[in-house]
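Letters A, B, C and D mark the chains in the order given here, with residues in each chain numbered from 1 onward.
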Amino acid sequence: MSSNRGVVYVKPGRVEVQKIDFPVFRNPAGNEIHHGVILKVVSTNICGSDQHMVRGRTTAPAGMVLGHEITGEVIEKGRDVEYLEIGDLVSVPFNVACGRCRTCREGHTDVCLHVNSERAGGAYGYVDLGGWIGGQAEYVMVPYADFNLLKFPDKAQAMEKIRDLTCLSDILPTGFHGAVTAKVGVGSTVYVAGAGPVGLAAAAAARILGAAAVLIGDMNKERLAHAKSVDFEPIDLTKHDRLGDLVAEVLGKPEVDCAIDCVGFEAKSEGADGKIVDAPAVVLNGLMEITRPAGAIGIPGLYVTDDPGAKDEAAKHGSLSLRLGLGWAKSHSLHTGQTPVLKYNRQLMQAILWDRLPIAKIVNVKVIKLDQAPDGYKSFDAGVASKFVIDPHGQLSKAA
Amino acid sequence: MSSNRGVVYVKPGRVEVQKIDFPVFRNPAGNEIHHGVILKVVSTNICGSDQHMVRGRTTAPAGMVLGHEITGEVIEKGRDVEYLEIGDLVSVPFNVACGRCRTCREGHTDVCLHVNSERAGGAYGYVDLGGWIGGQAEYVMVPYADFNLLKFPDKAQAMEKIRDLTCLSDILPTGFHGAVTAKVGVGSTVYVAGAGPVGLAAAAAARILGAAAVLIGDMNKERLAHAKSVDFEPIDLTKHDRLGDLVAEVLGKPEVDCAIDCVGFEAKSEGADGKIVDAPAVVLNGLMEITRPAGAIGIPGLYVTDDPGAKDEAAKHGSLSLRLGLGWAKSHSLHTGQTPVLKYNRQLMQAILWDRLPIAKIVNVKVIKLDQAPDGYKSFDAGVASKFVIDPHGQLSKAA
Amino acid sequence: MSSNRGVVYVKPGRVEVQKIDFPVFRNPAGNEIHHGVILKVVSTNICGSDQHMVRGRTTAPAGMVLGHEITGEVIEKGRDVEYLEIGDLVSVPFNVACGRCRTCREGHTDVCLHVNSERAGGAYGYVDLGGWIGGQAEYVMVPYADFNLLKFPDKAQAMEKIRDLTCLSDILPTGFHGAVTAKVGVGSTVYVAGAGPVGLAAAAAARILGAAAVLIGDMNKERLAHAKSVDFEPIDLTKHDRLGDLVAEVLGKPEVDCAIDCVGFEAKSEGADGKIVDAPAVVLNGLMEITRPAGAIGIPGLYVTDDPGAKDEAAKHGSLSLRLGLGWAKSHSLHTGQTPVLKYNRQLMQAILWDRLPIAKIVNVKVIKLDQAPDGYKSFDAGVASKFVIDPHGQLSKAA
Amino acid sequence: MSSNRGVVYVKPGRVEVQKIDFPVFRNPAGNEIHHGVILKVVSTNICGSDQHMVRGRTTAPAGMVLGHEITGEVIEKGRDVEYLEIGDLVSVPFNVACGRCRTCREGHTDVCLHVNSERAGGAYGYVDLGGWIGGQAEYVMVPYADFNLLKFPDKAQAMEKIRDLTCLSDILPTGFHGAVTAKVGVGSTVYVAGAGPVGLAAAAAARILGAAAVLIGDMNKERLAHAKSVDFEPIDLTKHDRLGDLVAEVLGKPEVDCAIDCVGFEAKSEGADGKIVDAPAVVLNGLMEITRPAGAIGIPGLYVTDDPGAKDEAAKHGSLSLRLGLGWAKSHSLHTGQTPVLKYNRQLMQAILWDRLPIAKIVNVKVIKLDQAPDGYKSFDAGVASKFVIDPHGQLSKAA
């Protein structure tokens, strides 16, 4: 059990599965800690935000072990861990959080003040988020384990639903946070920008929150087809109509109650010539157009402080040309940031365990082996309509 | 009583007091209505947002009667007004609202769906807000009177505090809405951008909401001096330090819990050469810099859909170059729009009547005659540290 | 069209269909009003709270026209009605509300200050609630129509779903309010006391709010069987186990996240001898036992200020022997009162129109003729598992 | 430093200062823990809820060390305490909480699931709350120190305001929680039942939350006089008028927006003969009478599950005869339970440090020596208008 392998970022466009160190109870500063556990990773997903790094749109360092969507089994625990036992099956929120600072106490584990020396907020295997080792690996260490981990109450039952439960570490709570901050409620009409996994998770979240109609817009035909197959209303953005007109075809008016940006800073648009170009503000400006007066816009899609790969100077520093005047005239509110997973994962787990939320089907989970991770990254980047879940120990194939 | 005089917008830089029609019970479409009252205007204030029009930064038409901050006495009532009597002294929310549409029922009277044929939301004497006649006049008509008006419970007591109560029609609720949406609570540290009347009202609101420390930033020395005289912490933006450093001088760290933008689209900054230039995004970008992780930014300052007077093309269409990536990294939320005055004015009235909120002193109310209105506009535009209150019938001078 | 017939309360245990006056535009005080409409009643439901009156458990006067669950078509309108047209199909909230007082402006239309001279809050055809004429009739007058009425956007579509939409006037929002105030959310476990129509509506509400598991307790076998048939977890209270044990059989622990009292003051319990006796506090005390720490208890079930039919002296004055110490130890909150229907009916209509909420099936709607109303009252009182919907003009039979 | 002395409950009516064990890093089950700190107690207050035990109205065991209102200096720390240093001056919330269970993660530290084997929720030195050793002593151990403790940012500044800051451990947050759950906001009119320290703290909380008028009712003349001296409106309950009439004398109507019960289960009333008798429901029934429709009632006053000292059988089991029918007719909500101190203490500390909240003056803090504690208990029980703060090491006398 002292060997370990993981997915490593090598250079833009390239990840590799490499031998990596077996986890130890030390934080990124190198100090010994006693509140951590070591997990045997049962499942670990490839995330759209990993793609930003692999595409070279961030300053991620070569050699970094990737992976922040982790489900695992406790195989070792530090002496300060009181409420977890060896053998427990747990979901790991992607946020690393101490549970002891002001923001954690207030429930904002997305911006913990203690786990990142550079700024608020930490995550596993992610640039600028504290240097915690990623979990697309066989084993990973999770600090502040009593606080951070969500234990599944029944291990056998959980293994049966592991394709769904693996979505609790990030994508499902992230979609849910988008929907909640967009103020989705019973009877809402909702527009989700982006039909990738987070977009689908946001749509699924909107549905379980009681939304009347959920529209998803994208330019990717395969993703739109999948969205339709799981009963959302696809909006084909390549049609070159005004977004409002496309919305009106479904709803009878060019307006939704709530809008969710599941695209983020790498937003693109198609020019009249059919060329796809960077258009970092196109999503948010579109959402302000179609969101009703007094509506809210949830923005789980990532916007970065620095985008060295951006085409124009403003975008390089994370600046967008927003039509705030339009939003202001409609009394909009905009809600940004990482998702505080712990705020939502227990309740979403309950919904999954009681068969209310078939998220694996909705995001189209595809289980792959650890060695297939590089191919998974490529397929995902190419836009296939799947969510890739890595199965480092072959436990999911068995479970299914 | 059939004569009337009011402040009329003539051309950029020029307003005049002219004879205007005595109010009738008709809406802007010309239809007879029965739910209105005619008020003898007791006080009516000049607002910073009036200045935008008078400076020619909007598409306001010549001939428009200005004025949306109105307090008055009911002198006539429509046949369907049930809960107001002739003689009642009332505060008029600047929003015209029907009280019958979806948004009004939900409390968003700022974006009423019935009172403006062009878009959501109406106001008196304001460009693009429905064509309702302004109230910087001797008399004015208020529709949906039972719904819109706040009656003062004791007329004599109210006249004694009329300099304070006149602030209920706009400025005080607007500052309060900014503070509420910025999530100011007991113990908060707060930064208010702009030391004009709305900034001071936001600061006053922050204080009565229990804020620990309230900082106000401006470049206008006179306004800063006034802010200090009413016990707020002035931040002199001409010092050319980073905003965070200026904040740290007061709070010991470059960060506040809550931030409120009381400046809006006409934001300016001072170059190294001392020249003041348009910088429409400078305030909001600064607020994202200093607001704590998980903090909120209230934006009562007006941002417009169209700004024909703007220097650059983007700003002409209400677009700003926002550092949204910075705000996103800190999980900020941004809250825009007109204030739904009815949501707040009753409770603020109570605070005034029980001597908890000396708003007239805080915003430095100056009472002027109707004929002095053009001078008031000029002085206000020049940046004097006062809130001008027009006294069309000479009742305030008597009351004081 | 000047004739009218309605369901009249004659004496305890007896209602009759009688000729009644055709509606006029006058309020209970006899004053002419101009904000009302006259509706041709399309559907009007018998409510459990009507039963309290008919059983003689209230001080309802003989001769009162019953009925506060009304859906209808506008056939006449007063001159102050601006946003409704003749022919509109509308849902009537059971609360009469002015839309102009403090509580209405705040969204608490359940306790309107203007429509009842005795105390806050009005309703049609109900004792102590203002004297407004009931709507179990062919025609009825609705005041403050622009404010109170919810117009269905498409009349033909609405007639197709009229069995569902008829539930918007009371029962569905009431169940929903119970669930909302019990803080039901995604993943909640919920216990609903009472498997009558309101209990089923609360259960349906819990489900569309995302509840993981919804349990319904009753002593009526038929109602339990129906609850099971629409996929809720029935809890048979005649089993004589502790409520917590019954809950644990389903959930694995004797505790729910949220509890909803849909029984009210006529609660009963079965003694060891099988005799059913009045036990007005039994439901609430049970809910405090099973609700988790920090949980909330929604109480849509009616508790009255005076219950002349009660067995003991305390209950006669609406006093209950509550184990508040138990609730206090668990930091419970208790939420009482009539439901402000307008707060919820639009969103619930949307959910129905988009096929998210099959409420007619869930509450088992049975359509009856006006002349069958007395039989409907009897069957309902006998505990059949149905919700009776009166069809005064035979329009529902046609629609189905 | 290995000696220790503390206030010990001996029998009903009797406490003594005795030698007690020096704290060790063990929990009540006897297990070693590493997340605790040992504090040198700087100040520790006598609480009204201690009185319930000392009066024999609970099942508190003889020999128990009392005290749950603690401020202290860290003199030892467990190996797993990361964010506190020896010498830090800290406020201890009276709730013992793990920071790791569901309820703690949700902010409900009042009902932590891990620190009490009998039921949810723990406290220091309190019957039924987990067996944690009390802090009316020279030294005390605090578990989960990183999570539980609030560090004062500047020790010298804190010592200057120590009489105020000592109120952060319980009384001030408890009053604040009462006010928050009663939905006190800017402009509210508020009635506080009970002019003891918690009542005064609730009144102070209401004021900093922006209340317009704060009334406090009691039968104790000295306490009423003190309440008046710190600018609240005293309501003398010995006047034998209806509570509503007494309220109307101040407010002009027999109604408040918000009501707070700071009395709890030992409520009493004065009969016509002047005799004071137990009347456990009198406070809550009174509050339902005077609270406005749609209002909320905060209940920080303690209600117990078992009251062996009660006069009647129902009260012995924590049952009260509540006029719930009255509350229901007014759509009231009732909010019970211990206060989750951590939710409020940081912000209240800020308000104190910035001179916004002179709580020591408002509750009339009297500093006494440890040996004077038994006298303090007696005086407090006798109803003097003071809050007793024990100064075990003589540091406050020096500080003042």
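Observations on the structure shown:
The rule is simple: a contact is a pair of C-beta atoms (placed from the backbone, for glycine too) under 8 Å apart; a residue touches a chain by one contact, two chains touch by 3 or more.
The shown structure was predicted, so the numbers you read here are calculated from the model rather than taken from an experiment.
Looking at A-C and B-C, the interface holding more C-beta pairs in contact is that of A-C. Summary of the copy comparison: rotating chain A onto chain D for the best CA superposition needs 180 degrees, to the nearest 5. Each chain gets one centre point, the mean of its Cα atoms, and the points for chain B and chain C are 43 Å apart. Between the CA-based centres of chain A and chain C the separation comes to 42 Å, rounded to the whole angstrom. Of all residues in chain A, those touching 2 or more other chains are 106, 346, listed in ascending order. Those residues of chain D that touch chain A in the complex are listed here as 34-35, 79-80, 82-83, 98-102, 105-107, 114, 146-147, 342, 346. Only residues 153, 176, 185-189, 208-213, 252, 346-351, 353-354, 356 of chain C touch chain A when the two sit together in their complex.
Taken together, the chain C residues at the contact with chain D in this complex read 103, 106, 108, 110-111, 113, 119-121, 181, 265, 284, 293-294, 299, 302-307, 314, 317-338.
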